[in-house]
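Order of writing sets the labels: A, B and C. Residues in every chain begin at 1.
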């Protein structure tokens, strides 16, 4: 037992699966995901779509935390921003609903950049204070702009209806949209973290002074990363309105920020596949525990945050790496011997 | 008999080993200086002796083990006063509060009389007893750090580069005070220094440390004459 | 004019609560160098305990000390079990996450045990409000202000006049040096967490009759208290008190007199204070500069 605990406490590189394995897994998973909605109940599809919604936020947080080592509790605000962009444009103003996605991304990026310019000059401790404060005031901000947001009463929507030629129901159609956006986001995050920006960000995280002397501008790079992650949160907010068809101030309490944080912690700080696992956890766990008590799901979030920090600081992804790493190594050794 | 006896002491930071089988003795009532270049392991030796970092091997002070007994008893309780590199005074506390913190484990009546004694010995500290330590000059801070360590009535005083950041003149004054402390209190002092010239003036015994290993003990007077040392440290 | 005076007085009364919770935050920050976001919820939990003891038939004069004692143990225990292991490996991200985890856990445990229905907490002091010139103040609020003054005096005495208080200040100033001198550093840490929890429970129990005792009662207060502690300087107890009173008055006046702010939006004032202070003067009004490094 102790050996396992020690093993998951070490930071590990992500698993380098052989190309054929990741390709087949990818194709099978994608196939299942494309086929499953056609034979599932609407409720199941709604939950799967919510996993995608959370995953998009999680991918943004993954960029921020994994690359810069900073953490934000304020992404609930940007999530709300995206949700209201969608509710107002697609709902109240009657624009095509898909248009809300790029608009929310742009707004989320811009607001995040403006917020990040001063905020990212702060120490990690101060940034955590500021973003927690942002999370705490989000509901009252929404209520303040009551004439647009309709505050606690909220806005009921009727958007994201499937085109007639598809023959799909709304829950199926919405899931496919969410899946597509999540996949695109995942690919984009992978490219970002492997490319120039990724190297710059890792440099900053590991040693800001050295990175600066090598010509990386900390404020620009950090603001860019922060804005990208808030843009993703805003996009997720739009998807959220497709799924729930309703927005109201009370959906954006501290609980939402905590759910986002739980997702990243459970999945594994700084692991891309971990984000998906985390999203699955925060979406499905409440529905399992709801039968016990309505407080049980929130309690699980809290307990998970504490427990994971002590038992599995690198989350489920860290566990998979600790278990999978030696297995892969053995396989490679065997392959080497055969040659 | 030596007051402090160190045998096969090894220490380091994480996986990095800095000290290799260090053995030596410090005679009671003497000033012993350990000379060595930056990074030779001098500070690490003092840190290991006062339990700031884990170490293996043995070190005994008056027959009582000081190394390898876990962290449950602090160096101060065992009779070691350690003036760390950079002085480590409490900047937000007044001079007097710094000294009182040094005498934390002694009865109140003794603390009061010791305070007066140190104000007499370092009049600058007496004048500034109500001021915050952060407002003191470098030399005054060093005096304060030494007096604070001595408030705990140690048997052995460890001094880590007291001359660091001080002018040659101030260093001279400080070392004269050290000599006076040794003579008046019959204090045993283990001094770690880069400034060989001045420290050999006041020291009785001297050792040279390089790359984590300690050379043989010599008398300070002997070492002053040593050609090699003169070239390496005294700039002659 | 009377309205203005009344607003200032109300602001000060609210500010006393912010100051007390900010004081708890500062006590913890000084020793552990972290902002314990769970502090407000620990206090709410303490208020629930007081209510529960009273509901079981104990008089308030017994129930309050009992819950205060339990809080001390709980605060100390939290430091020993959850905080110190992470502090020793200087895992700051982990500490932040654990504090939030405790916040959520407490919130949900409260909801589980006591539900969301507001609990009726009795006042310590009953009777008609007292007139101060043209303004009025309730007797309970007088007690609250007196309690805060008492806490401040007691802390001043602890820090300035006792040996242990000296060790507490030395340990928070320079931990390695304090260890070298053999000061009881770990004891000061545990004790600070205990005292912080005591202050929270005491004040939360006293304000519970006005604030509607339910889970998350002090979440809005946490925001103002963080603003107060930031304004005063995270490591300055005096700053926490001054900051609390200033935030209380500013928030109240802004809510009444600045057009477009109103009661809901007052929280944004706290947010603005936090942001501006951290950017313009990270050490706050009375804090030491080292805060900037963390």
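The working rule: a residue touches a chain if its C-beta (ideal position, glycine included) is under 8 Å from a C-beta of that chain, and two chains touch if they have at least 3 such contacts.
Note that the structure is predicted; figures quoted are calculated from it, not measured.
Enquirer: Could you find the chain whose CA centre sits the greatest distance from that of chain A?
Expert: Using the mean of the C-alpha atoms as each chain's centre, the farthest one from chain A is B.
Enquirer: Which one of the chains is closest to the middle, using the mean of its C-alpha atoms?
Expert: Chain nearest the overall C-alpha centroid, as shown: C.
Enquirer: More C-beta pairs touching across which pair, B-C or A-C?
Expert: A-C
Enquirer: When the C-alpha atoms of chain A and chain B are each averaged to a single point, how far apart are the two points in Å?
Expert: Once rounded, the distance between the two centres reads 54 Å.
Enquirer: Between chain B and chain C, what is the separation of their C-alpha centroids in Å?
Expert: A distance of 42 Å separates the two centres.
Enquirer: How big is the gap, in whole Å, between where the Cα atoms of chain A centre and where those of chain C centre?
Expert: Using C-alpha averages as centres, the distance is 33 Å.
Enquirer: Considering the complex alone, what residue numbers of chain C touch chain B?
Expert: 163, 166-167, 169-170, 173-174, 176-183, 288
Enquirer: Please give the residue numbers of chain B that touch chain C in the complex, ascending.
Expert: Going by the criterion above, the answer is residues 50, 52, 74-77, 82, 84, 88-93, 97-98, 100-102, 104-105, 148-149, 152.
Enquirer: Could you pull out which chain C residues touch chain A in their complex?
Expert: 34-35, 37, 82, 85-86, 91-94, 96-98, 100-109, 111-112, 219-220, 222-223, 226-227, 230, 262, 264-268, 270-271, 274-275, 278-279, 282, 292-294
Enquirer: How about chain A: which of its residues touch chain C in the complex?
Expert: 65, 69, 71, 73, 118-119, 121-126, 128-130, 132-134, 136-137, 140-141, 143-144, 254-255, 258, 261, 265, 269, 293-296, 298-299, 301-306, 309-310, 313
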